[in-house]
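Next, two complexes with chain A in common: one pairs it with chain B, the other with chain C.
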Partner chain A sequence: MYTQGLDQKDKHAASGQAIAESAEQLAAFQERIDAEEKIEAKDWMPEAYRRTLIRQISQHAHSEIIGMQPEGNWLTRAPSLKRKVILLAKIQDEAGHGLYLYAAAETLGVSRDQMVGDLLSGKAKYSSIFNYPTLTWADIGAIGWLVDGAAIMNQIPLCRCSFGPYARAMVRVCKEESFHQRQGFDILVTLSRGNDAQKAMMQDAFDRWWWPSLMMFGPSDTDSKHSAQSMAWKIKRISNDELRQKFVDATVPQAEFLGLKVPDEDLRLNAKTGHYEFGEIDWQEFLDVIAGNGPCNKQRLAKRQKAHADGAWVREAAQAYASKQAARAAA
Partner chain B sequence: MNAEQALIAYVLRLADNALILGQRMIEVVAAGPELEEELANANFALDFIGQARMLYTCAGELEGQGRSEDDFAFMRDEREFQNLLLLEQPNGHFGDALVRQFLFESFYVHLLDGLTRCSAPGLAEIAARAIKEVKYHLRHHSQWLIRLGDGTELSHARVQASLDDAWQYTGEMFVADAVDTVVHESFAGPDLEAVAVLWRRDVAAVVEQATLALPGDQAMASGGKDGRHSEHFGFLLAEMQTMQRSFPGATW
Partner chain C sequence: MSKQEWPLYEVFIRSRAGLSHRHAGSVHAADDQMALDNARDTYTRRSEGISIWVVPSARIVASDPAETAAFFDPAEDKIYRHPTFYEVPDGVDNL
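Presenting the complex of A and B:
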């Protein structure tokens, strides 16, 4: 999911290139990109391209891993056994996506330990959406429908990303995400046919998840200064605002089908353009959540830190056992 | 108790074992020592809850009163659940949960093996499917027990304590009551005495390889098979059943 990372400033960029890159090398690289060739891990690439991809892919992986938490919050309370196993399978998929993406990032020369270390220290970011709480069962439906729906909008263009390992990972991930979105929508369809309490639960969840879902596409194009290079490198194919518009256009009719009222007084269909116009996003809220001050930022990170600390003795034991086995084999 | 009643009770116990263990496992779904272990834990829990669904459905069909898997899981009270006490024990640390799985799966795999040859309608097929899953769980957990036992001094001491603590809950697995006896006699169900011999042999072998000590004979806890549970079981059920209890009759 989650390409918000592209819009964060590359801290190394300003300090100049550590490695000499000739104009010829850069031009030849751009030629390959323009010819729609896939860049593979062993190929030469500009350092900034490599760093941008490491940042984006690792952030994507972190988002999958942190994203297990808000949904995990309802696993033990899922209202039927069928819903319980579907949710569990979805969360398992997310752990799998995380592993897969960490492996893709490792091809760029960064270790998983280092990436996980950056997540745990708070240095690395993950998608802002997972810093919101899941308060009712309807939130699980809303996440599948809206959050996975937004993720798919983001990720389909990434299947054509110029970096081969990431593009191929996205093909597989998108297939599973599309199943996730359907299960979320299915939860809500069931609620929409339910009793008044279920319908109210669904509207409440929608009210809380609508705007944060729109924020998933990142800052508006006018404020997204770091996208241009990513577009030129064909890491990013479609701008934040274009993707957001596509999402709104696709989602509003689905909301109507569910009998939901979109929590936006300014929302209206422009008959000329065929697109929905919508109100201004609360960008201060977005910046606050990105800065670590969302409702669950501290909780999400603390849970990951605790799991890592609690597991230290287990990892050490596995390491010690492997060393003993190696010594025994050598003896 | 006639044979049919005993069989329904027996299938429900198997289902309760699978569900309650699966429910405990999903409490720690995003809290493993490594991402790979989180995947494994989720995967194993899926197997158990899947088994519970098949078994509850089977029990409902045998009973013939229209009760669904969700009726059994969410609308029964504490005293009606007949899972083993071992399986409802809180997760504790990684070693505690691991030992719980290892001791149960070492038993369950032989129980399922016996059930694949039973004459009860539907049950042999479910057992044949479940045993494939449980065999690889057991392999995974045996390997971890060996790693922790033969790892560091700390891991050795911790997992030995886990084993010592859990041991009191193992006796209940092998004490045949009327339900076990009727299913053994009327449906060619597993002989718990024979299962106990195999269990002890397998457990001892892994424990030895893990350089751990087998706990000595001691007083054994019991009551799970009779619906008398540990105090924390009520909280597990309250959490699991909250939606069905709060919104009676709703469809999800």
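Presenting the complex of A and C:
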């Protein structure tokens, strides 16, 4: 799973908040980055670098947490016990990824409560992709193959990100994502060998997930000017369009293997470049989903709020038990 | 013999930026600052590190070796968590 957090403007930076950072400090910091040194949590860093990372890592974490919902929708209806335990394991991984990432963000001085609060209040963003519904079992295959495939494309360069705790969390996440993508493809391979109805179900899922998956890489490079700073800081290593191209090049042959037709009339292989050319993304749809008006935004947030509220008594009970044990030990 | 033994601290060292701290060993010290100094003198005399964490050993909560089998058992039979569990058909690349 992945975040589009890098492509949003830093509000504080825009408001021109006064921070005492000398030109020497900034230059020395950039020198470290340019020398491929990793920045660790207690090192000096520009406030804007810290805030950019807090925003990106927390949004990445939120995406993992919200990302459990579309798949969770099919847990009780998985077609076999085998598929069910696999899906359960995958969703459990997403929760784990969220936790690795929240922990990495906390090293930058933001509290877990603050981040969770921002998600629940709707203030924080998460990846646009999780605001689409999972209508059939084939959607679970499509998510693993396409959504996790796109996430892997995005996350592999993040393993070399300049901020040590984020890079280390990404190494762990990437190792686990490989299983996610394969289980999704495995579901589709099975459907591709099935009857006409199953093949049609797979094509329908592909038609609905293809374009939103391409949107996961964020705005096109020409519209994503504020990611230049993230590139200079080596938080981001490869541009949105480059990653999107890599994804299309890797995925189209896989779609052909499954007997799928890519829902893009403009798609064709450029023999000279060896790359696939593809049609224009519906950026208005992307902006609408990011702005909160996707098919499932309200449902996703409401469900997370309810889950958090429903869990309140568990957190309180654990705290009460711990306090009682401590009091007994002290007596 | 001292009246009270100095507490034990576990020492974790980051050898260079980008790597996580790794357990190196332990030291005795009367307080936190002394623990840091002792850890530096004991474990980084040859520039083995650029950052040290010391943690009072008493504060480390460890799993029980006698319970290892039962404790880690839940992960044993979930081979489907590994990518190798899934057969990738011939002719499919980049997966």
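Convention: the second predicted complex is superposed on the first by the 327 of 331 C-alpha atoms of A that agree within 3 Å, B and C clash if a C-alpha of one lies under 4 Å from a C-alpha of the other, contacts with A are read in each partner's own complex, and residues count from 1 in each chain.
Everything that follows uses one rule, which is that contacts are C-beta pairs under 8 Å (C-beta built on N, C-alpha and C of every residue); 3 or more make two chains touch, one makes a residue touch a chain.
Only a predicted model underlies this, so the values are computations on that prediction, with no experimental measurement involved.
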Message: Once chain A of both complexes is superposed, is A:Ile91 in touch with chain B (first), chain C (second), both, or neither?
response: first
- request: Answer with first, second, both or neither: which of chain B and chain C does A:Ala250 touch in the superposed model?
  value: second
Query: More residues of chain A are touched by which partner: chain B or chain C?
result: B
- request: Go through the superposed model and pick first if A:Ala150 touches only chain B, second if only chain C, both, or neither.
  value: neither
- prompt: Looking at the overlay, does A:Leu260 come into contact with chain B only (first), chain C only (second), both, or neither?
  reply: neither
Statement: Residue overlap on chain A between the chain B interface and the chain C interface 82, 85, 89
Task: Using the touch definition up top, name the residues of chain B that touch chain A in the complex.
output: 19, 23, 26-27, 29-39, 42-43, 45-46, 49-50, 52-53, 56, 69-70, 73-74, 93-95, 146-148, 150-152, 154-155, 158, 239-240, 242-244, 247, 250-252
- prompt: Which residues of chain C touch chain A in their complex?
  reply: 14, 17-20, 51, 78, 80-83, 85-89, 91-95
- prompt: Within the complex, which stretch of chain A touches chain B?
  reply: 65, 68-69, 72, 75-85, 88-89, 91-92, 95-96, 98-99, 102, 137, 187, 190-191, 193-195, 197-198, 303, 306-308, 310-321, 324
Statement: chain A contacts chain C in the complex at 37-40, 42-43, 82, 85-86, 89, 93, 149, 164, 167-168, 176, 178-179, 181-183, 185-186, 189, 250-251, 253-254, 257
